[in-house]
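Two complexes come next, and they have one chain in common, chain A, joined by chain B in the first and chain C in the second.
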Partner chain A sequence: MSQFLARRLLAIVFMLFGMSVLVFGAMRLLPGDIVNLMVGMQSSASAEQREAIEGQYGLDRPLVFQYTDWMGGVIRGDLGKSMRSQEPISHEIRRKLPVTLELTFLSLIFAVVVAVPLGIISAIRRNSPVDLFARILGVLGLAIPNFWLAIMLLLIASRYFHWLPSPVFTPFFDDPIENLQQMWMPAIALGMVMMANLMRMTRSIMLDVMGQDYIRVARAKGLSEWGVVVKHAIKNAGIPVITLIGMNAGYLLGGTVIIEQIFGLPGIGWMITNAIFQRDYTTVQSAVLITGLLFALVNLCVDVAYALLDPRIRFA
Partner chain B sequence: MSNPVISRRTLLGGSAAAGAGLLSSLSYTPYWAAAQDRSSAVFSYHADPASLDPTTCSGTNCAYILNHIYEGLTRLDSDANVEPGLAESWENPDPLTWTFHLRPGVLFQNGAELTADDVKYSLDRVLDPATAGSNLAFFQAIESVEVVDPLTVTLHLSTPNVSILASMAVTGGSILNKAWAEEQLAGGAIDFTSVANGTGPYGLVEFVSGDRIDLVRHESYWDTGTPKIDDVTWKIMQEMETRVAALRARTASFATIDATAGLQVGSDNGITIHSGPGFSMPVSIHNVRKAPYDNPLVRQAIAVGVDRQAVIDKVLNGEGSLTGPLPTGFGNWYIPTDELPYTVDKDRAKELLAEAGYPDGFDTVILGLDTPPYDQVGVVYQAELQSIGINAKLEQTEFGAWLEKIHAFDYDTHVNGYGSVVDPEHVLGRSFRCGSDGNFPGFCNEEYDELLLQMQAESDLAAREQLTRQMQDILLEDAPFIWWCTAFDYYATTDQITGFERAIHPYPREVFKQVSVVEES
Partner chain C sequence: MNRPATSSPAESPTLADAKPDLGAVRQKSTWSNLKYFARRDLISTSAAILVALLVLVAIFGKWIAPYSAGAQDAMRLLSPERAYPFGTDNYGRDVYSRVILGTRVSLVVGLICVPIGLFVGGGLGLLAGFIGGKFDMVVMRLMDILFGFPSLILAILIAAVLGASLTNAMIAIGIVIIPIFARTARGPVLSVMQREYIESARVVGASRPSLLFRHILPNVATPLIIQATLSFSAAMLDEAALSFLGLGAQPPTPSWGAMLGDARAYFEIAPWMAIFPGVAIALAVLSLNLLGDGLRDYFDPRTRSRL
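Now for the complex of A and B:
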């Protein structure tokens, strides 16, 4: 186990290194740079002005040094300063990452809490009205793009109910009620696709399991239907469902970009998008690195959980 | 140019009412009603300012918010006329000398009193190339700033330039407090995201980038009686749908919107749309340095062959007006619509092309922008060129990539937009003077430059208007640009506030000072 963890952590370090080079390179390859954007469109940059700005941001140094300067800082725990605002990037991330994590987490909760029971019920009561409803919801959930759903939620709430939460984001620990009022719509919009996926998966696995011989045996030995479902079916259906949840957590993290933008939530997805448009190299590099680290850690947790749940899987 | 907003068609449908039950069960106190005896309001705006440094960040997105915190020596009324700001009066004893008399007793938000030293410090900061001030071009005529006494400051210019008065009103000319700035600089760079200290009507409480800027009334603001709202939250909402929803739910009482949103909220009784010609002008700029655009006949063929009304009708839903080189409605500087020499004549265009040696037209590439409304302007432009036999290919890119090509003058003809002129010289000088940094077409005309020199030095208003007209006539004749139209701009306010007046320019220092919260009965 500890050997497995050590190996995986080492792999994460290599992955992050590769990612940092990629992001660093991709940002420099983008046409247009921060100098153009600083000068703006009122005039072209004079050579003197260009040099001054490049000097200020160290952009006149060879690329390798620019990379090592940044990386050296990151290793010492200093993510650098935003080129545009001069604000330390760690401040910004510390403020924005929790918003994105909360959004991801709430979407996950929404998806699991709705999908798993609905999937189980619709498998057990196959072809019942509940099953029909679940199947329609499943198809709709997959077909509706999350940004459309987000805009519809906003439109319905504001136009027909004349209600919206306060536009000023309130952290959960400052005022949980206010925070949840702000987060439920984004969480549903973001979690809908995953909910649909998970529900369909749960339903089909449950159908599969319910047709197995050991279920017939369980019924034959006189267990109640409830006992059959809880003791035998769900236990066996659980593992693929948990795998799917783990895989989707990463997907949710990526989907926050557009949802944050629509609901005006100050999360890290929006922060990275804006920084790309402004060619704020350091901010993009550091924020992507942190997001990547997070993604890798979530995947690691899922792998560990997976192995703990299924005794057949060994840490190899 | 203001930052564009991604707009998606709003589809009305009856589905997705999933949260309906939950909605009605929540009781909610609106943010703006929460404060007891202080008045407060939420204004929603479409873009995040990149920084809160008034010297380096002076695009529209920054200007709109920074003009509430900082002020310059002069300011503009809502029709863009120059009026006294931090300077009470000024005189211009000779064309190269401008003396400003500061308003006595003006206090910064930290309590320090405004002096001539602060003015010198701020203007020197703008002029220092290392500052990378984005309005630098407006101030380049200043050779030195001299402190005469604590309330008098004299600018010595290298060339006569009357537009220096209007330049003092742009965000780049904001006055910082010298002692404060030096104190901040002691710890390295000034972190403008967390601190601000201007003389303006509002002080900074907190800036959370991507979310909001909290402002509080400057209690000892020199213009007594204003501002009227104690606490203002400047909320960034990039999506227009979000801003419209916030207006409807009354969680925001002001929003920047566009034409389609205007149609959407038109049915809501408590929302007022403020619209009219603004300073935003979609234009196409030819690269006069290159063939075939170096041939005036080709430019004239395009000028007579394109239908400018097509952009107004197809892109702006009819809400724009034909325009010359200066935005329609700009003081007395612009050419009235009925005097514009625009008659569409496709046959004449083809004749001119043949005369220029291109009887079968030619191939060209339009460098376009991928953001509304410029993306659609590009499409109309392409169609209009094709209608006179010019085979145009449209290449649309993202703003940063587009800007790199613009700065390198690497284009045949491109789509661009004006947005922040406050004096006619800012456009006519920068964009067309031979060799200027901002001369994107590469236009060069001796007679024009001669008139420009006279115009820069002319302090008599009527004579200056006359010169401005002559210069515009030369431009229309030579046609390095297609000035498509002056677009309308749109703001919406709800019944929670009163007193908003739309300004035609993007430096609305006065606008929010007069706005007050409507008392709830």
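Now for the complex of A and C:
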């Protein structure tokens, strides 16, 4: 176990190093640099002004030094300063990460709460109207782009309920009710794909399980139908949930980019796209790295959870 | 089917007689296979028909659409009526025509992105599994790095570096799906390499290329084809997302995603601008996904999804 963890952590460190080089390089390759954007398009911006800005951010130094400066800071826990706001990036991330985490967490809750019961019922009552509904929902959920669903939800809310969530974000701990009013639509839009996936998986696993010998034994010993489902079958629904979290962590983190923008949620995804458009090198680099770390840790947890849940899977 | 009359006079008569029969048998069985498939799997067949329709619309869209993509000769933001069944947008362009013309954009995205992923990723995975050792390690670690990014963020990053255009968005998406194909190809190669028939082919003296292309590739082809159909719809969705953000198709190219991006500002007063392009994306992705599921069940019944 500890050997497995050590090997995985080493791989993660290596992967993050690769990512950092890639992001760093990508940012320097972006057409139009930050200096141009900062002095504006004014032709009056003299060479001295440009040099002053370059000097301020160390952009006149060789790339290798720029990289090691940034990386050295990151390793010591200093993510650098935003080239735009001059604010330390760690402050910004501390403010914005909770929004993104809450959004992904709520999406996950939505997916599990809807998909698991629906998948189970649809497997038990096979070919019933509920089953048909679940299957159609499963197929549609995968085909609908999340940003379109987001717009449609907003449309329905404003047309038929004359209500739109407040455009100014309220953190959960300031006012939970106001916060959830703002979050439920983005959570559904983001979680729909995962819900559909999870529902299909739960259904197919339940169909498998219900045909197993031990279910027949449970029935034969006189357990009621619901007793069979609750006691024996549902336990097996745990694995797809875990699998799915691993499979969809990247989708969720990427999806936040668009969903946060549509609903005006100040999260990491929006922060990254904004920073890309503003050529805010350090912010993009550090924020992408944090996202990558998050993604890697989620996958690590998923692998560990697998092995803990299912003794047949060993730490290989 | 008529057999081409190319049998050389040197051929023995019995052989020449036998050949057309073989051909006829094979033809018939393919046809009845198809009929059997269609009857058994109604969903996949309807999906296949829908995909065929999409392809037709993509090819002949110019003649089907009543207006051109950039024509701005109507009132702005007209609600759907007889002349403009899907209404008009904020520039007075016919949404119906643009949805039809957008079909080609979406399908072309799939047709370009998927081969990039398939050939680069599939090729790398194939070679990594076949050559093994250091090469395998380096390639797969590189793939891990690409996989470490949430895919949409990587696509945004690459598209931004290359500059906002449809071509660059397609390149970005192609790069993003490379690691998926590499992993899809490598796994089966590794397991096939353990088989006895590979060992015997080697003993008989098969060259490395012949080993790779003749004996290993056919075993990897099926998972790659299935992955390709799934990636096709994923690429379409990614393009829609990039274009929605303004990093993909530039105006006036009628991309469904870009149309949705335009619609965002007007969704309350002109919901038709948002509804129809989204329905088009969903319909296209839906039919491609169902076709992909059907293909997977057909080729690999063990993983039947039981939809």
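Here, the second predicted complex is superposed on the first by the 298 of 316 C-alpha atoms of A that agree within 3 Å, B and C clash if a C-alpha of one lies under 4 Å from a C-alpha of the other, contacts with A are read in each partner's own complex, and residues count from 1 in each chain.
Here is the rule we use: a residue touches a chain if its C-beta (ideal position, glycine included) is under 8 Å from a C-beta of that chain, and two chains touch if they have at least 3 such contacts.
These numbers come from a predicted model, not from an experiment.
S.K.: Please name the chain, chain B or chain C, that touches the greater number of residues in chain A.
M.R.: B
S.K.: Let me test your reading of the model: by the given contact rule, A:Ile262 touches which partner, first (chain B), second (chain C), both or neither?
M.R.: In the superposition, A:Ile262 touches chain B and chain C alike.
S.K.: Counting only touches as set out at the top, which of chain B and chain C does A:Gln49 meet: first, second, both, neither?
M.R.: first
S.K.: First (chain B), second (chain C), both or neither: which does A:Gly292 touch?
M.R.: A:Gly292: touches chain C, not chain B.
S.K.: Which holds for A:Val139: it touches chain B only (first), chain C only (second), both, or neither?
M.R.: Touch status of A:Val139: second partner only.
S.K.: Go through the superposed model and pick first if A:Ile272 touches only chain B, second if only chain C, both, or neither.
M.R.: second
S.K.: If you stack the two complexes on chain A, which partner ends up touching A:Arg200: first (chain B), second (chain C), both, or neither?
M.R.: second
S.K.: Let me test your reading of the model: by the given contact rule, A:Pro31 touches which partner, first (chain B), second (chain C), both or neither?
M.R.: A:Pro31 contacts both chain B and chain C.
S.K.: When the two structures are overlaid on chain A, which partner does A:Ala157 contact: first (chain B), second (chain C), both, or neither?
M.R.: first
S.K.: Pick one for A:Trp148: touches chain B only (first), chain C only (second), both, or neither.
M.R.: Both partners, chain B and chain C.
S.K.: Can you list the residues of chain A that touch chain B in one structure and chain C in the other?
M.R.: In the superposed arrangement, which is not itself an observed complex, chain A uses residues 30-31, 140, 144, 147-148, 151-152, 154-155, 158-159, 261-262, 277 for both chain B and chain C.
S.K.: Contact residues on chain B for chain A in the complex?
M.R.: 1, 8, 10-13, 15-20, 22-24, 26, 28, 30-31, 42, 44, 48, 50-52, 56, 58-59, 129-130, 132, 134-137, 189-194, 208-212, 233, 235-239, 241-242, 244-246, 248-252, 397-409, 416, 420, 430, 436-438, 440
S.K.: What residues on chain A touch chain B, complex-wise?
M.R.: These residues of chain A touch chain B: 30-33, 36-46, 48-49, 52-53, 55-56, 82, 84-87, 92, 95-96, 140, 144, 147-149, 151-159, 161-169, 181, 184-185, 188, 261-267, 270-271, 274, 277-279.
S.K.: What does chain C use to touch chain A in their complex?
M.R.: 141-142, 144-145, 147-153, 156-158, 160-161, 163, 233, 237, 240-241, 244-245, 257, 260, 263-264, 267-268, 271, 274-275, 277-278, 281-283, 285-286, 289-290, 305-307
S.K.: Could you please specify the touching residues of chain A with respect to chain C in the complex?
M.R.: Of all residues in chain A, those touching chain C are 11, 14-16, 18-19, 22-23, 26, 29-31, 135, 138-140, 142-145, 147-148, 151-152, 154-155, 158-159, 200, 203-204, 207, 249-255, 257-258, 261-262, 269, 272-273, 276-277, 284, 288, 291-292, 295-296.
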